[in-house]
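Each structure below is given as structure tokens.
Both complexes below contain subunit A, partnered by subunit B and then by subunit C.
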Partner chain A sequence: MEEVKCYIPKTLKEALEIKAAHDVIPLAGGSDLMVAHKKTIGLVPEFEKPVMIIRNLSELKGISVNDKGECVIGAGCTAAEIAADERCPWHLRQAASRMGAIGLRNSATVAGNIANASPKGDTPGPLYLLDARVRIASLRGEREEKVSDFIVKFREIDLKQDELITQIIVPLSEDDFDYIFWHKVGTRKANAISKITVSQAIRFADDGKTVADYRLSATATGAMTNRSRNVENLLIGKEICDKTIEDVVNGFDAVISPRAMPEFRREATRRMIRRFLSEAARRPQNKVIDTYDDYHVTGQPEPRECRHKKGACHG
Partner chain B sequence: MDMKICFKLNGKDVSVTTDPLRRLIDVLREDFGCKGVKEGCSEGECGACSIILNGKMVTRCIIPVGAADGQEIMTIEGVSATEKGQTIVQAFADGGAVQCGFCIPGMVIAAYCLLNGNPDPTEDEIRLGISGNICRCTGYDLIVESIRLAAKRGGDIWKK
Partner chain C sequence: MVAGDISKAVRRVDAVSKSEGKTRYVSDYDFADCLWGRLVRSSIPRGIIRAIHLPEMPEGYRFITYKDIPEGGHNWLHMIATDWKCFAENDVRYVGETIGIMVGPDKATVEDLRQKVVIDYEEQVPAVTIDEGLACKGGAFVNGNNIHCSLKLDVGNVDEAFAKADKIVTETIETGFQEHIYLETNGACCIPEGDHFVVYASAQCPFYISRSISPLLNVTPDKVIVRQITTGGAFGGKEHFPDVVCGPLLVAANVMKKGVKMFFDREEDIENSVKRHPSKVVFKTGLDKDGNITAMESTVCYNVGGYLSSSFVVLQRGCFHVTGCYLFPNMRTTGYGVATNTFPSCAFRGFGAPQTLFAVETHLCHIAEMQGIDPLEYKKRYFIKQGDTTSTNGKIVERVMIPEMLEQVMKASDYERKSREYKWGSGKGIGISFYNHGGAFTGNGEQAIIKARTKLHKFADGRVEILCSQTEMGQGFHTILPKIAAHVLEIPIEKVIFEDPDTSRVPDSGPTAASRSTMIVGELVERAARLMKPRYAKEEDFTVETCYEHPEGYPWDQNTFQGYAYLGYGWGVCAVEVEVDPCTAEITTKGIWSSHDAGHLIDERIVHGQVNGGVLQGLGWGSFEVMENRDGHFRQTSMSDYIVPTSMDYPKQGVYFVENPYEWGPFGAKGMGELVFNGSAAAYIDAVSRAIGKRISRIPLPTEEVMGYMLHGTDIKAGIEEVR
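Up next, the complex of A and B:
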């Protein structure tokens, strides 16, 4: 009998049965897997294991809010669907809206972005920041795990052979914070793999000065997305001042471990933390602390106008 | 292992018996003769292979044909046969949007998807709309102008 190379289940139950019986690679958008396994024009991509196409499973679609007020995102939701849905938290929408370009965002899923476990993935940063969980199903039952635990290490996730990610649940949103920040440094606006992305959020106590909650995560700054509650705790319960800002800056600098262009990545991260915290301390009107021009990050003034003739580069 | 894959292509029900992991671009070009849309980067970045899948622009070089089973596909061949498609094609020709032409089928698909959702886009919205389509000849300005021309000429057809 010819070996089965591909399954196309019609229901989630069927998909879980296939997963229970065979060691298969689930494929939804294909934006990571098809590229990683491509051969050349006209040749069929070659996978080391059979593939299970789950792109069109209706049970994995849809975005909703559960009775606890948490945002529940189907594992098969695309980046474009998340970017366009205001029920999704702001940080996640920002990240989803800058993944690849339009055509790719209509295919790529957030579950795939998590499962790929790349330190440069766009969505894990916001998901770590907001304590998001993955919901995982198998014929044995269902379980939930924090995204930050689910991604075990570089390119490794905590998923058993018979399990499938079905939902991403995000308990927090921008409503839980007074000020929010998200900035991705890329070579252009579309189709850019993150050089570095920093997500931050802060909430003040009733006195308006004491920090009640502060969160900070960074992408492309090490082998995994970085977040450290210990570093955040250096600020929580205190007021923002030069010393507490530098405590966070130095604390986080010790957490990240960028390999390529480490000084650039460290300095850009330091500047984004200082920028957000010093702005938040001034209590501006706008909740979103501006994502700002690149020269703040690089230290090199760059004119806003494009260097080339108008339109020669865009993004 | 071949499977029978059925989908709607430019309004017609079609089927093909093939390896479900073959890339949609190869199947459409080789089995269905839809050679209008090109293969550029093979990684979903350049937009030359854009098609419309269930009403949304996607890059088909990263989609296995098995994922198209039961779905609805429109290629540049289908788009350019419509009044909307013709409006864009004519505007691109009149506006001087085309140089080598390799990116243009993808650009037309992007313009079609943009104008269908936004009949009167600003320049920024047009540039965002084609931000996934890379052109190495034109510098984009004439393409942007031509999309604006198509929006103006088409008028109410974009609201249908």
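Up next, the complex of A and C:
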């Protein structure tokens, strides 16, 4: 029987020592790695390098709020833990709660989801949106980097051989915005990979009309999660009107580059942007805006008259 | 004691052991001392094998090919036709075709060696789609025209009706591949024992395997004993396909003089197993000046794949069902089984009927909508009744309760109000479909081909054993059949033994397929129990035997396909309500209501389970289950990209039945396992089409396709292309 060489460090320090000394693959939840390396049933998976199992390191566990009010998530936290913890920002909780199936959510970690650097990953969309950072440790010291910089390109991250992700720090939350939006179009309603996911958030200035901040990110629309501050700036400092909406819609359309189902992904993105902004401009009572009036009430739409305004979705 | 109405649900005999995880499936057995086998398959869709380069083979390992078939043996798998080879010889016709089997004692070594086998091909241009097959892309490779099989049916005078028609419209309806996704993947073990072999397999039809693979060694079927192991789902995917798994194992076991076992992974199973036939049905329909149908001509093309195997029978059933639950004055149907370089298509719940039923239902909706008429009102004009002529010039023998079933479904779904209030294109829609399924083998096939026999044995201690070849694969037959026997004999069901079949022990009562087990074998057991009953108390140890007898007076000609194709149909009505997300084109199914006529139900809960599963499987086929074949390769190869629905995708179903006992069935029961699949896709597509206000003529329909129709689709009320 073939064997996989495994290191099982007991402390973060030990893990960093192993990482400094050996070229190892860190494995926490294993939900990506075990699938990627599996062989036929009954055979041991084949890893080209030794594996370092870090799922039980207590230093990588726990969710807290730091003195700046930022949400600090241990790299070893699972999707299920994030989905259930109200200290985590709403967008991230939504994404974590719809990642894969229940068993996967109990195992998969947010750091793994980032490190996998898949354009279809569920958590990068909200993390990009909220300016999240990864905290990285090595024997040489610690550093922080924005998630959107850390993911360099398709399936590539900015992690040196001796480094480990230890935390994800999310500075913003839904409290920083007046209206929020997160919608995943999955391959089905549960246990689904994203066909497209759009995250948005908006804050108005004190006049109630001028947009003070607007954020927009999309998943599965290109080689990496897409967000563009330049496009968001087309709206910031202005009021929402047909023209500014279309500026954002067209600006973002030029940013994304979906390869498969391009028409669907582009059109759904355009419609979700128009929907969110035109609804937000109405200043509804509910903070959460979804594609469809019924969704945010119970999660399961109930029969009700559609309140869509002409132009909101149908263009 | 099983008292009162047999329909009253009992606890399934396998409920506890399956819930506790104690039931053992074929890969749970040790089969110690057996060698491991792994198949080497074609990686190209069409070509010539120039050479096979083997790695250095350690002692005890061997690569088995057609050359290892002993003298006198036949390199074929008998699946109705015998054209499907066990091992490719000089050419390959599809990706996944078995070239050889690597065998040896250590599984990892076998896998390693298998991956090192290099096949040197001369590649040829493949034909993958029905159109490419018909166009003989790359040159014909079957019969000079790539038509594996064809048939023609004629009722009335279509040409005359067309000549008189006010107009003739034409449209094409298409359906895609569907993968079975049984919970348990394929697997088997073949062990030499003295002068014979014993095959342990996850399978629907143990006698099929014996008959199919014994010619490989030129031995009689009784020398290949098949013991079916409790099977974790099949849906038709383990009707003939286990022959493809077991054939190489038999040849290998014969060479190695040792047992050989092989179990597929999920990806291996998805990529290298049979699928539902993709279809293309072209209608030409004559209408009078009031928009009534005067004649319907349909050309039915099924993508059969590289080998014919059982597909002619699938095509026949498809053509027999193309007129659905309707009587049209003049009908002509031509069917073609098209050769392509894809994995051979085979049985899948419905066996050819779902494709044509979807086609005719959808076509009728379109004709109605083009005239601005509610599809239900239009379809009602043509409902078939008892005594009416069928597509094969037979008659409908039984009472047809569609009006009663429709009333149940309309009431439960509030169809009338919703159909009126949800304007076409409003984002909300309700759809309705009608469907049937001819029970058991076509015509006199049960008598002419299967000749089913069953035995019932009474032991001195009062227990009774059922001996037949029917298999449990999750559908509940281990409960149904003992329940029938216990009910007749008035003994507790626990006293009835019904074990997984062993072909050396049980008579051949035919395959567990074609919705025939309850209807045909159930009746044989009921009859045997009635014969046993007067002797039960008096005699200690005895056996009674029953054979199938076809009712007199219902002729069928298998050469011309004329006559009574089916004596008992299951009938169904299904309504589906949907809402469309105007931003993302996601469809939310708001309601599913169905009514079925399965005769008198043997067990309400089991039948209810079949309805829930069948309806959902049909909705999956119509919506998410995209299985593309590009250049001969299936693109969806895992459960994360081949999307079967989960229970989260649909609301609780409204399930209704009508009581319509079948004269020749046990306690009046008819077949229903396939029926419940046959109609939900059409109702769903009708609903979506009304909700988005666009005409839909192709399934599956994933979200991106809905968006495509919303952006560019033809308006639901637009006229259909006219031929004249």
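To be clear about the criterion, the second predicted complex is superposed on the first by the 287 of 315 C-alpha atoms of A that agree within 3 Å, B and C clash if a C-alpha of one lies under 4 Å from a C-alpha of the other, contacts with A are read in each partner's own complex, and residues count from 1 in each chain.
Note that a contact is a pair of C-beta atoms (placed from the backbone, for glycine too) under 8 Å apart; a residue touches a chain by one contact, two chains touch by 3 or more.
Remember, predicted model here, so these are calculated numbers, not experimental data.
**Q** Could you look at A:6 and tell me whether it touches subunit B, subunit C, both or neither (first, second, both, neither)?
**A** first
**Q** Determine, under the contact definition given at the top, whether A:271 touches first (subunit B), second (subunit C), both, or neither.
**A** Second partner only, subunit C.
**Q** Taking the superposition as given, does A:34 touch the first partner, subunit B, the second, subunit C, both, or neither?
**A** After superposing on A, A:34 lies in contact with subunit B but is clear of subunit C.
**Q** Applying the document's definition of touch, where does A:195 land relative to subunit B and subunit C: first, second, both, or neither?
**A** The second partner, subunit C, only.
**Q** I'd like to know which partner A:51 touches here: subunit B for first, subunit C for second, both or neither.
**A** first
**Q** Contact-wise, after the overlay, does A:42 reach subunit B, subunit C, both or neither (first, second, both, neither)?
**A** Both subunit B and subunit C are touched by A:42.
**Q** For A:263, using the defined touch cut-off, is the partner it touches subunit B, subunit C, both, or neither? Pick first, second, both or neither.
**A** In the superposed model, A:263 contacts subunit C only, not subunit B.
**Q** Find the residues of subunit A that appear in the contact set with subunit B and again in the contact set with subunit C.
**A** 2, 40-42, 44, 189-191, 308, 314.
**Q** Across the complex, what residues on subunit C touch subunit A?
**A** 27, 38, 107-108, 111, 263, 265, 268, 427, 579, 581-586, 588, 590, 624, 640-641, 643, 645-646, 648-649, 702-704, 707-708, 711
**Q** Applying the document's contact rule, which stretches of subunit A touch subunit B when the two form their complex?
**A** Interface residues on subunit A, with respect to subunit B: 2-6, 8, 27, 29-31, 34-35, 38, 40-42, 44-45, 47, 51, 53, 55-56, 80, 100-104, 106-107, 189-191, 308-312, 314-315.
**Q** Which positions of subunit B touch subunit A when the two form their complex?
**A** Counting only subunit B, the residues touching subunit A are 1, 3, 19-23, 26, 30, 39, 42-45, 47, 50, 53, 56-59, 61-64, 66-67, 69-71, 110, 113, 127-129, 131-134, 139-141, 144.
**Q** Help me check something: in the complex, which residues belonging to subunit A touch subunit C?
**A** 1-2, 39-44, 183, 185, 187-193, 195-196, 261, 263-265, 267-268, 271-272, 275, 291-292, 301, 303, 306, 308, 313-314
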